[in-house]
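Below is one structure, written out as structure tokens, with a few remarks after it.
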Amino acid sequence: MGDNTKTDFEPNIVAFLCNWCSYAGADLAGTSRIHYPPNVRVIRVMCSGRVNPLFVMNALQQGADGVLISGCHPGDCHYMQGNYYARRRFNLMRNFLEYLGVEPERVRMSWVSASEGAKWKEVIEEVTEGVRTVGPMDKFKRRQLNW
Amino acid sequence: MNGKPKIGVYVCHCGTNIAGTVDVEDVVRFAQTLPDVVVARNYSYMCSDPGQALITDDIEKIGLNRVVVASCSPRMHEPTFRKTLNGAQLNPYFLEMANIREQCSWVHEDSVAATEKAKRIIEAAVAKARRLEALDQKEVDVEPSCLIIGAGIAGIQAALDIADAGFKVYVVEKSPTVGGHMAQLDKTFPTLDCSACILTPKMVDVANHPNIELMTYSQVEEISGYIGNFDIKVRVKSRFVDMEKCTGCGDCASSCRQAGRISNEFDEGVGMRGAIYLPFPQAVPAKYTIDKENCLFLAKGKCGESPKCKDACQAGAVNFDLEDKMVEFKVGTIIVATGFDVFDARLKPEYAYGVYDNVLTALEFERMVNASGPTGGKIVMLERGKKKKKKKEGAEEEQPRMPGSVTFIQCVGSRDKSVGNEYCSRVCCMYTAKLAHLVKEKVPGADVTIFYMDVRAFGKGFEEFYDRVRREGVRYIRGNPSEIYKKGDKLVVKAEDTLTSTPLEHEADMVVLSVGLVPRSDNREIIDLLKLSQSSDLFYLEAHPKLRPVDTASDGIYLAGVCQGPKDIPDAVAQAKGAASAAMIPMASGKVKVEAQTSIVDEATCRGCGFCVQVCPYTAIELLEVNRMGWPVQVARVNEALCKGCGACAAACLSGSVQQRSFKDLQLLPQIQALGVK
Amino acid sequence: MVDINKLREIAAEVISRDDVRELIGYRPGTYGFRARPAFVTGPEEVDRLIFTPACVNNLATYITLEEKLPVPRGQEPDTRKVAVMVKGCDSRALVQQMEEKAYGRDQVVVLGIPCTGVVDMARVEARFPGVLELGEIALEGGKFVLSFDGKVEEVPKDELLADKCARCRYPTPLVYDQLLDDEVARFADDDYSDIEALEKRSMEDKWGYWEEKFSRCIRCYSCRNVCPMCYCEDCVLDRINPTWMRRSVDISENTAFHIARAYHLAGRCIQCGECQRVCPAKIPLMELNRKFYKDVGELYDYEPGTNVEAAPLLATFSVEDREDFIL
Amino acid sequence: MAVKKLSKEKIGEALKELSKFRLIAPARSDEVVIFKEIADPEEAYLDYGNSTVPPKKVVFPQTETLFRFMVGNPELEEKNVEEEGTTVIFGLRPCDARAMAIVEKLFSWDYDDPYFLKRRELTTLVGMACVEPPSVNCFCPSVGGGPFGKEGLDLLLTDMGDYYLVQSLTDKGKKLEETLASQLEDAAGGDEKKAEGMAAEAEGKIRRSIKTEGIPEKLPGLWENDLWKKVSAACLGCGICTFLCPTCHCFDIQDEVEELGDGRRCRMWDSCMFSEYSLHASGHNPRPTRRERTRNRISHKYSYYPSRFDVIACVGCGRCINLCPVNIDILDILEQVVDA
């Protein structure tokens, strides 16, 4: 139990990135050759406002140990307001999941701009380490191919 | 639609950029096992002609109907491969990119982990590709006209180019005259040609060009629409002077009770003006303007017996009843050329700007050396507080003293994290050299010293000019002064000569701060109007730093001049010409493709709650009544020309009736599922 | 206490109107203390209408429930008004439905019942089991008076009162055409003490708590179907393409269902408590809804179902919204 | 062979003995009684009225995998029910056991359903007679059952105060009796007689009833009767009445497929009260409203099933009446049918 499994545990994190800021910021981290842990897998959406909070639930159910939503800083949304909607929806969902016993470390949101390649790395490191400390998500993970 | 998916996966080596970290062969073997994948290949550069030909061949010979390219970021080459598909008669939206370079091989060192991650990324891309749908690339007509915001040299140049090409141009300038900062300058570096001599003809052209409608003293208030079809609303502020009648004689200005009492923005406060004024003699249009904050009649309702300017104007142009005018028009493209502010030297209190009269900013000094400036081009010691008094007394003015020593400090507000400006302003080294040269020219024998961190003389003729100035006796000391204080009637610059590690206290009559360029304080207005992004230096963000330097993220909106980042006059002009050219492309072709990844409503399940209408920032969705099997029901409907494809509506819809094309729940959930599997 | 004769008189008047198609109210149930919905189409039917503390159902649900069958060619759809009896909580469902444009104010006639609280029928039946012949419940001077099998029993109000009533902020309907009684002043509020206690427990405890509850769920969807805010004709959770959750009944899919259901009510739930009342597996669904309700109030100063003009919570934002949780 | 008894003191021991099988017994989850697999005899909650969800789920699980399929493997992997092992349901009510016998008629009719029948074969039902009616809405005698009914059961326990009378009714029952040999004692000679008396008394306590004669024949003629509209007006279209019904046995079959193509075919409870139940792929629904659905529920139980299997598919447990959120009462409906 516990410590041993947790240190060996490599979290699987699904991230939803807006095309204009965070995805571009992650690309910038790449062009700047900034290294970070490989645990985060990205789904590109045009705007963080597209992210239905139920995607978070769905990702956790389908086997993600953590979920990250990242958008433009307030005021910078390419579509003006999408990140504000995302912020509100996500805050409620995160609180709710915590209420059900889903560690808040698994459910993260960040603002990363197109010029913040270095911040993207920091975010990845923090999210990965956070999920690592709380261990695998098995609470309501779908048991695939159950009899 | 295209029947059962037949997917081709193409894994790019990108030389060693990907293949150096990711085991490409292994990834290809994995891709072959994925559902609906009928072929998986790898190639050294997928974006090259032979790389694209692989895809084209497979589409034609194997009958692929979906393509996954695992290579660089879609932000890089998605357009490239969309064209490839298009060329092979496959709808370009049957492409999905797997970013295994920027977000994989370049950011991970461990080859095993990177290879594993690349597989997951490709698996998710295939999961989405299986559900991709063909999208219509719709076209809209482009209004053959352009709005240019800002009439400095960049705005003027862009306007002239577009107008010369035969398109209608609307130029909106906030201040009463065109010309911008360039009009304030005396000479330009490194050639020392007279700024006014090269600028004023263009200023006149812009005002007289038959294709240009110039609106000075005006502000854009509303912009709506999209490329090809922007609706613009401009407020033309009242000058309280009838533009038709004013002859520009200036009788009004000299009669103004406030004459000489108000600091003239154009002269950076070194010179004074009245409440009715012309910013400078060569202003275009040469029409007077009443500054309503300072006009006694407008501000207080009373100006002696009657307003003197009105009495003085023989043309009867002064009219206090004139009101702001709203002008509405349509354009196809927009160029933003709003320029910059100079750094506020008060933010470096150690330099005592605003404390000592003879600590000046370079732009103030520029006005002073300008022959048409407030001192008639003479370099004189300033006594800032006393001016009014002197004028009031009307006494014989005693000749002001010329400074015997002038010291410049470079990089004030540039390359300085303490004030939040990390960037180099790119013009200060050279304008300092130019000003130093002018001191040498105008004050024979003056001691001219420049404190600098590095001298960046990178442009055409720059190094040669820097050499020349040094030969003229200008002393360069490498060091960043820490303080300026007064000793007797001298200013003392405290610094360290970092080349010799000698602390020094350098005395001067006058200190000029070579202030950097900063984003305009009113940038926010434009950002809100146009939804522009900013880069980390807070200048407007171009669409791509290398390949789309004049475009913005929004189609049909372009950048010119310093609003995008510091640059000198030739660079600003070059960018303006670039922006003009970019704006003319859609105008010349008359048509432009619009966003295809728009939202769509399933009217059969829509319950008409209007959440989508509420969240849409583009008012692209409306509720309307339809007949559902005989019943009148409200449903949402998307106007695809207005929809920008953000998808906020899709996330707001509780019944799942609103979906964003290419980002449907049906396409994203399988992606999530694919990524969930470890 | 609503005067039953006045109620029937008004009902008769309303249902006699040409522009009213149906009146939804309450009538006695089939056994014990139960009451059930009544669908009145003519004045001759009003004599069976009642209102007592046994009238627990939120009838607002029925306004949006009726299936709209294809209108045969040559016929016109019956778009006459529906009249509905509502308690304070039920009226908030109308407000929220109208905020969401489910129908217009002119499409309903609202008979408001200022409410002093209804019973928790499960508590009544546990206290007085085996009652078959119709009994009656009345609220008199802070006590529920139960008459059945020739007996009369008095029980202190709080012992049988429904939990939602003990937290009710709006006993008097917020929207009505006619109010059937004097307004009732607010007599309760929600202190969220139970929610806060649960919030403070460890993650393992919280999940253990909910795992037990969600494991019992049989996915009968009564919670969804009874909910006046769940009025989509075609629930997104029922769809196969895309599959938000699978039909399998297990802890994973059950949890997904309950998260999705509760989230879809965030900023919309009007606290009528019907979902929890009807749940055969006794899942404390209001502890989910109230968590959202509490957060929505605390974070965004928003209370659903109180203002028809309000913009829906999740379709609006404030630049000042909290973001201390964002990296 | 003498009739046995099980002292209440030995019930724990007996359950322990039975836990070498898959042992299912009523247990509490918060305030709700459910049948579940128990490991510890302490979990069993025998002093109960009736469970919320009937134990039909043991032989007819709410969700079950029929077979699995994997990418790259042409063979299906079939569910082997045998692996679930011998099962004992301990303490179920006679009505619920009878329901299994009724439903078995369908599952062994034109096609032998291997999953249901194998589970039935593997399962021994130990019933608990209803000395007191579990609910005010019980009406088992009206539909051919009784509080001490034996149909479907292998063993019947009757609470005699300090002990349970144990009557074995089938070979499976006898076998189980042998398993419990060391916990069982011989019952007194008069106990069986006494139990018969208790049965009659218990039946007398059941207060709700319906005369079913003629209903199966009458129902088809009421197809377009107004009563369906009236009785269904309040219906919410939820699945309570059907999911909690011990004889409802409708199921849906769905494939649950992972993104890579592996998957399983599942069978799961369905409800004729759901709007998608009879929805065609075309979008047409022959039962478009709650009216047709309610009519189907009643008709299936009281007309179609008896016309095919000579037995009403309702055991009178009263669950649908007790738990209907809007007090739709099957006896109320049947009375309207009678009066129609």
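As written, the chain order gives the labels A, B, C and D, with residue 1 at the start of each chain.
Please note the rule applied: a contact is a pair of C-beta atoms (placed from the backbone, for glycine too) under 8 Å apart; a residue touches a chain by one contact, two chains touch by 3 or more.
Just so it is clear, the structure is predicted and the values come from calculations on it, not from any experiment.
Participant: Taking touch as defined above, what minimum step count separates chain A and chain D?
Facilitator: Each step joins two touching chains, and the minimum needed here is 1.
Participant: Which two chains does the highest number of contacting C-beta pairs join?
Facilitator: Ranked by C-beta contact count, first place goes to A-B.
Participant: Going by C-alpha centres, which chain is most central here?
Facilitator: Central chain is A.
Participant: In angstrom, rounded to a whole number, how far apart do the mean CA points of chain B and chain C lie?
Facilitator: 55
Participant: Between chain A and chain C, what's the gap in Å when you average each chain's C-alpha atoms?
Facilitator: Chain centroid spacing, chain A to chain C, equals 36 Å.
Participant: Taking each chain's centre as its mean C-alpha position, how far apart are chain B and chain D in Å?
Facilitator: For chain B versus chain D, the centre distance works out to 74 Å.
Participant: Counting in whole Å, what is the centre-to-centre distance of chain C and chain D, each centre being its mean C-alpha position?
Facilitator: 31
Participant: Show the residues in chain D shared as contacts by 2 or more other chains, in ascending order.
Facilitator: Only 258 qualify.
Participant: Considering chain A alone, which of its residues make contact with at least two other chains?
Facilitator: In chain A, the residues touching two or more other chains are 53, 58, 61, 75, 81, 85, 89, 146.
Participant: Can you list the residues of chain B that touch 2 or more other chains?
Facilitator: Where chain B meets two or more other chains at a single residue, that happens at 615, 652, 665, 669-670, 673, 677.
Participant: Can you tell me which positions in chain C touch chain B when the two form their complex?
Facilitator: 68-72, 75, 77, 79, 100-102, 231-236, 239, 241-244, 264, 311-312, 314-316
Participant: Using the touch definition from the top, list the residues of chain B that touch chain C in their complex.
Facilitator: Checking each residue of chain B against chain C gives 604-605, 607-612, 614-615, 623, 628-632, 634, 652, 654-656, 664-666, 669-670.
Participant: Applying the document's contact rule, which stretches of chain D touch chain C when the two form their complex?
Facilitator: Going through chain D, the ones touching chain C are 29-32, 34, 52-53, 62-63, 136-137, 207-208, 230, 233-234, 236-240, 243-244, 252, 254, 256, 266, 268-269, 271, 274, 276, 288-290, 321, 323, 325-329, 331-332.
Participant: Chain D touches which residues of chain A in the complex?
Facilitator: Going by the criterion above, the answer is residues 144-147.
Participant: Flag every residue of chain D that touches chain B in the complex, lowest number first.
Facilitator: 71-72, 258-261
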